[in-house]
Amino acid sequence: MFSCLPHNVGAGKAGGWLAAGARVIDMSADFRLKDPSQYPKWYRQEHPAPGLLAGAVFGLPELHERELQKAELIAVPGCFSTSAILALAPAVASGLVGSDIIIDAKSGVSGAGRSPSMGVHFSEVNESLSAYAIEGHRHLPEMTQELSALGRNGIQITFVPHLAPMTRGILATCYFDLKGSLAQLQDAYREFYAGQPFTRVIPQSPSTKLASHSNLCLVNVSVQNDKAVVTAALDNLVKGASGQGVECFNIAFGFDRKTALEAPIQWP
Amino acid sequence: MFSCLPHNVGAGKAGGWLAAGARVIDMSADFRLKDPSQYPKWYRQEHPAPGLLAGAVFGLPELHERELQKAELIAVPGCFSTSAILALAPAVASGLVGSDIIIDAKSGVSGAGRSPSMGVHFSEVNESLSAYAIEGHRHLPEMTQELSALGRNGIQITFVPHLAPMTRGILATCYFDLKGSLAQLQDAYREFYAGQPFTRVIPQSPSTKLASHSNLCLVNVSVQNDKAVVTAALDNLVKGASGQGVECFNIAFGFDRKTALEAPIQWP
Amino acid sequence: MFSCLPHNVGAGKAGGWLAAGARVIDMSADFRLKDPSQYPKWYRQEHPAPGLLAGAVFGLPELHERELQKAELIAVPGCFSTSAILALAPAVASGLVGSDIIIDAKSGVSGAGRSPSMGVHFSEVNESLSAYAIEGHRHLPEMTQELSALGRNGIQITFVPHLAPMTRGILATCYFDLKGSLAQLQDAYREFYAGQPFTRVIPQSPSTKLASHSNLCLVNVSVQNDKAVVTAALDNLVKGASGQGVECFNIAFGFDRKTALEAPIQWP
Amino acid sequence: MFSCLPHNVGAGKAGGWLAAGARVIDMSADFRLKDPSQYPKWYRQEHPAPGLLAGAVFGLPELHERELQKAELIAVPGCFSTSAILALAPAVASGLVGSDIIIDAKSGVSGAGRSPSMGVHFSEVNESLSAYAIEGHRHLPEMTQELSALGRNGIQITFVPHLAPMTRGILATCYFDLKGSLAQLQDAYREFYAGQPFTRVIPQSPSTKLASHSNLCLVNVSVQNDKAVVTAALDNLVKGASGQGVECFNIAFGFDRKTALEAPIQWP
């Protein structure tokens, strides 16, 4: 099971830092979930500082920019959650989505971290693609938490991650029953992301390479018969990781949100 | 020989060959669909020999071995259809599947054929993954035809193919509402494929590399909450193409079905 | 912009532009060779404007910065020549090199240009490595011209390019008889490149990834028995192409040489 | 430093097995060198059974088929040595080679073994190419031993291995002064390998993919000015490893040399 960044390292220390007046931007999963009972289930341990969870702000600027400006404790989401939530937030918020959502996500190998293992050995991974954590991945509850907060009705998410033979990139392909027209859905996405500097709704299906080495999340909204199909592509090492941490820092400390994040497009 | 892309070269000639007493094994899409009205819709032309469609046998041995023994005209399915139908046939036949089925398929680049184009240029495809034909792919009607014939109730398939940065391999990840228990579903798969030489139900999620350079299709049956998740992996240049053509030939002409197809496992 | 392949588009027009007072930075091979008789031999045509060759400045800032400041016509070298010349210039200039030099260069596929062809089809190139143009590559005379100008004695270069299964990057591995000690050779390199912003002598053998997405050329100087082995790595789409063009532009027009070229390191 | 297969495991045990009447086919480097004094230098330890070295047969069938028929102890060479020796043996044996030989070898990642490490992590190796062991690789003395035995005059080999971003394959590009004409050299190769089942002299420069998944070694003989350039490609997991072990077994035990080694060509 892959966790985009090591976790539970700072959870015990964050309280001390906050008490000392620091503002904390945490890149791990330690403070992403509001409900302490989720930690034993997904991370196999009690949370060491459950009292801090309610005050932590989920570090996805597209959803929480205003709260991030004053946040003391920021829990930056990783690559899978960022791509999935950005792919689905406008649909859930607009009520145009049915209750069942499928997220089929494909990640490059750097999403598995830098520690050597048989699972990231070049000869094992190259020329191969596979699904993992099919019964349930620990980043699922973050997605459910954030998306549920946007909609009136209950949603049920099925999330299956895949490992693809490339270094960088995530593509999330999302399927749901469309309650309305494609035009309505596309309008909902355009409105939701109007003015957003890094999330762009584009007319064609994005390749992961198109977002590579940038802080962009590229989203396409299409339909096949009566199923909506939304694809979102980002670079798991930028928007899905440190780039988004920098974005949160910029917001929290009053810098322009794009500072240090406007990398030129690199192709190929 | 690539069958993923239709060529319509032989459709006009097949009648003559059959009249002359030949048995025809066609690797293209020319005779896969029973309903002639599907051809203008998906292939943008009238079928030149609609009278032959009813008698053609769909060349998927796991479903049609008996008919293949006497078939005069065999229409061998390609990589996407083979992986999707083998991933879903036992579920549909057993009635354990809900009406809505999602097929999220990932293919290596050789599935796109050998003609040079920007879409298969190494520098464009490497380090990239993308969905295509989101509104509907021409291999969808084959899947619907074959799976519908197995079940009592209507099914609605959503099929989205993806291009992955590898030469060989297809992974089809299939999602559907499970009408029953996981154990029942797994039993249905084991029974359906009992005795099959090339399609194997395995306990772990298959990587495409595990089936690479072989005529195998590897299937895993899992569940996430109340959604069944079935993954099927095969080599699009063997079981999804010429290998399956040889398999049909063996059946049609009375050879052992495995003749010339028992390649040793190659890893990595 | 790719300069690895000559285009001869601007050779006929450059004269007009220069007459009109423009300064020309040419990314092709049109003005790299001083000797007009080389063009029919390597490019299969007479040069359309041989009178301009003598005044053109070879756009390699490490060798020609002063001339570039006032150059009217700049001929920017491509990826192979840049890596090979930078790998060898200090050795030739110091006289520590024997007469025979072997350059074994490995290039990513983007070095072959963007036009689709069987030779850049993902499925043909992936998982494969090969040499080409073994009898002689058209970029050889540039290397000979520039390196010969640095040394007192004749040198004889053997240059064999290879295509490697990656998008970006060139590694030139150079072999020659060492006339002196390793320490003398390393000193010669350090002195030659002292103060250079983009060419760095490093203690370990460089991987192409280490220079990827940057304008850097990384050089290592080692010895095996009495043969010097110098390796140079760069990104063929930056220092070996447009990046170097920008560098020449900066010098020619009085900007800081590093303007727009200080991309952050990207790993992996 | 990469050793194609783990070594020094059986060196202490081989004597016992031989005494018990077994014939030993060793895939490690333990018995490849005739001179015991080389072991401390290249493998950092005294050889535990130096008395066995003289009787061991170097398991390269193209050179030692007759001795292999009766060999009690066979030391099968690995991928780098096999490609380099097969690339150069006819040149050395014919006396058409100068004294200095450069071997620039490029290997796929499986040549580094299966143990996980940062050096074989997909994200580190993908999109990267580098040289290693520039000061001297432990497989160099095998090459020197076997090639020196074929020629009258002394030869001096410089060998630099490279790691390329692919799973399988080795390409050895060899450079030497040609003492004679290209036609003479090509004749020498054709004669030397006449009747050989697995080593083929071909007119074009071989790509590693062309030999992939087979026991073939493909050799091309060319010239650039007065330097001969010989390229040899093989699959490091077959002819450079277990395939060659099987070949030795077949010879030693009287089977047809090609038994179990005639895999069909697989492309791509």
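Residue numbering begins at 1 within each chain, and the chains themselves are lettered A, B, C and D in the order written.
We take it that a residue touches a chain if its C-beta (ideal position, glycine included) is under 8 Å from a C-beta of that chain, and two chains touch if they have at least 3 such contacts.
As the structure is a prediction and not an experimental result, all values here were calculated from the model.
Where touching is counted per the definition, the chains common to subunit A and subunit D are B, C. Just to note, of A-B and B-C, the chains joined by more C-beta pairs in contact are A-B.
Ranking every chain by how far its Cα centroid lies from the centroid of subunit D, the top place goes to A. Rounded to whole angstrom, the centroid-to-centroid distance between subunit B and subunit D, based on C-alpha atoms, equals 42 Å. Taking each chain's centre as the mean of its C-alpha atoms, subunit A lies 33 Å from subunit B. Measuring from the averaged C-alpha position of subunit B to that of subunit C gives a distance of 49 Å. Counting partner chains per residue, subunit D shows two or more touched chains at residues 108, 110, 123, 126-127, 165-168, 268.
Subunit B makes touch with subunit A in their complex at residues 100, 102, 104, 106, 108, 123-124, 126-132, 134-136, 156, 158-160, 162, 164-169, 171, 173, 175, 205-210, 212, 220, 222-225, 227, 229, 231, 233, 268.
On subunit D, the positions that touch subunit B within their shared complex are 110, 126-127, 167-168, 213, 263-264, 266, 268. Those residues of subunit A that touch subunit D in the complex are listed here as 108-110, 114, 116-118, 120-123, 125-127, 165-167.
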